[in-house]
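Per-chain residue numbering starts at 1, and chain names A, B, C and D are given in the order in which the chains are listed.
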Amino acid sequence: MWDNNYFSGNYMSAQAPTKQIKVRYFAILREERGLDLEEISTNCETLEQLYKELSNRYRFSLEASRLAVSQNDNFAAWTDPVKHGSTIVFIPPVAGG
Amino acid sequence: MWDNNYFSGNYMSAQAPTKQIKVRYFAILREERGLDLEEISTNCETLEQLYKELSNRYRFSLEASRLAVSQNDNFAAWTDPVKHGSTIVFIPPVAGG
Amino acid sequence: MSDLDFQFEICQNKINPECLAEKLRSDKSLGGIVVFEGRVRNQSEGKKVLKLEYEAYKALAIQEGVKILDEARAKHPEIKSLICVHAEGELEPGELAVFVGAASAHRDEAFLGCRYVIEAVKHRLPIWKKETFETGEAHWVNCSEHHGAACN
Amino acid sequence: MSDLDFQFEICQNKINPECLAEKLRSDKSLGGIVVFEGRVRNQSEGKKVLKLEYEAYKALAIQEGVKILDEARAKHPEIKSLICVHAEGELEPGELAVFVGAASAHRDEAFLGCRYVIEAVKHRLPIWKKETFETGEAHWVNCSEHHGAACN
């Protein structure tokens, strides 16, 4: 399928390999996307790139700067790599309580 | 009976007139005195003098500096005059809650 | 006090915290409720506590309690409901000695008001407690050399 | 969490605050109990609120909630019992959205721990609420231009 070391020099300028991921949507993003969960293929390297790609496609109203992000049920950094097989959640401004 | 102006010059160096008062005791002072309430006659001018007089008589364990005092159900200053007909309470260190 | 939502009491019966909390919950414009419950601890100074006896100088305590609620309301005007009930008489470990509850639109003032009231209650109300240990020893808290504090 | 006295939950049923408070009261060495109740307000932004819908990213919310309780316990080690329950689903005005309760030997740590938890819950838990006004208008709180805050 692909090489886990795709961040090493050989791949830096090459297209990253395609990854299969799940994206779960909550709250305003769920409504804007019109679904709870989707499985997608992506070449994005980072979570930030992935959000921008999806946001362009689905016209999400929220800037990435207002969101947090998780991968496999742990908070993640926007610069973290998109991992094949992972589940990703973009987290709108919270409003508990 | 007596002159309400006994604090004016004429009385400053004279013995203050005798006043009838009630003293109520609470908590440790009630136990040390062995009663809740007494009516007494006193020549003391101030509440502080009154406490010292009673403390000498009944060997109260608490210094005046650790107490507060009330006259007629209002907090009072130690330097306030003892008023004829009033009810006085010496207030041990509080421990509500 | 004339306002029904502000209540200060010295209570000779058992305090029912659930009943008091229900009053705080009755106004649906108030989203934040903070309650403090001060209960008799079963130990103090490393010794087992048998009971506490609370004695109040009631006339002055009620006057001072109402004043404390007024002060809290002036400092935190968003508070619309404020209740303080202090027990009197003999209490066993686990029993409720004092209840303070505040309700306001938002949480910050409810926390601050509740805290203001309990601190003032503990420092200013003319109420005393006599602590009796399981050994039979007894003393008036804060009045002797060994300062007990069986309750919160 | 393994310790029975530390409990974090996301709750799809009605939260029973009295039942949770009873847990906090069960240890008679704990004299100070502080409870915060966050309830749905019947108004927000000057408009009447019809309902709130809470949606939680449950796996992460529970993990983060447990972490918040751990942090509170580390900061305030005197706290021996700490409970936080957050509602999920549709709530009407007056209903309980979040309960936080802390019990410790003395009051200071109970106040501080309770406050720490509710602040962290509000800022960090991945939970959202959609506010519907009586006019029919609805919006996700904090996600749109007009920031609603129907609850505390």
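Brief remarks on what is shown
One rule holds in what follows: contacts are C-beta pairs under 8 Å (C-beta built on N, C-alpha and C of every residue); 3 or more make two chains touch, one makes a residue touch a chain.
A quick note: this is a predicted structure, and the numbers were derived from the prediction, not measured.
Least step count on the touch graph, subunit A to subunit D: 1. When every chain is reduced to the mean of its CA atoms, the largest separation from subunit C belongs to A.
Here the CA centre of subunit C is 24 Å from the CA centre of subunit D. Put simply, the C-alpha centre of subunit B and that of subunit D have 52 angstrom between them. Subunit B and subunit C have Cα centroids separated by 29 Å.
Shared contact sites, meaning residues of subunit A that touch two or more other chains, fall at 97.
Among all residues of subunit D, those that touch two or more other chains are 38, 107, 118, 151-152. If the chains shown are joined wherever they touch, the resulting network is a simple chain of contacts running from one end to the other without closing. Screening every pair of chains for touch gives A-D, B-C, C-D. By the touch rule above, subunit B contacts subunit C in their complex via residues 24, 26-28, 30-31, 61-62, 68, 70, 73-75, 89, 91-97. Against subunit D, the residues of subunit C that register as touching in their complex are 17-18, 21, 25, 28-43, 93-94, 105-107, 110-111, 114-115, 118, 149-152. Residues 38, 54-55, 57, 59-61, 63-64, 86, 97-98, 118, 121-130, 140-144, 151-152 of subunit D touch subunit A in their complex.
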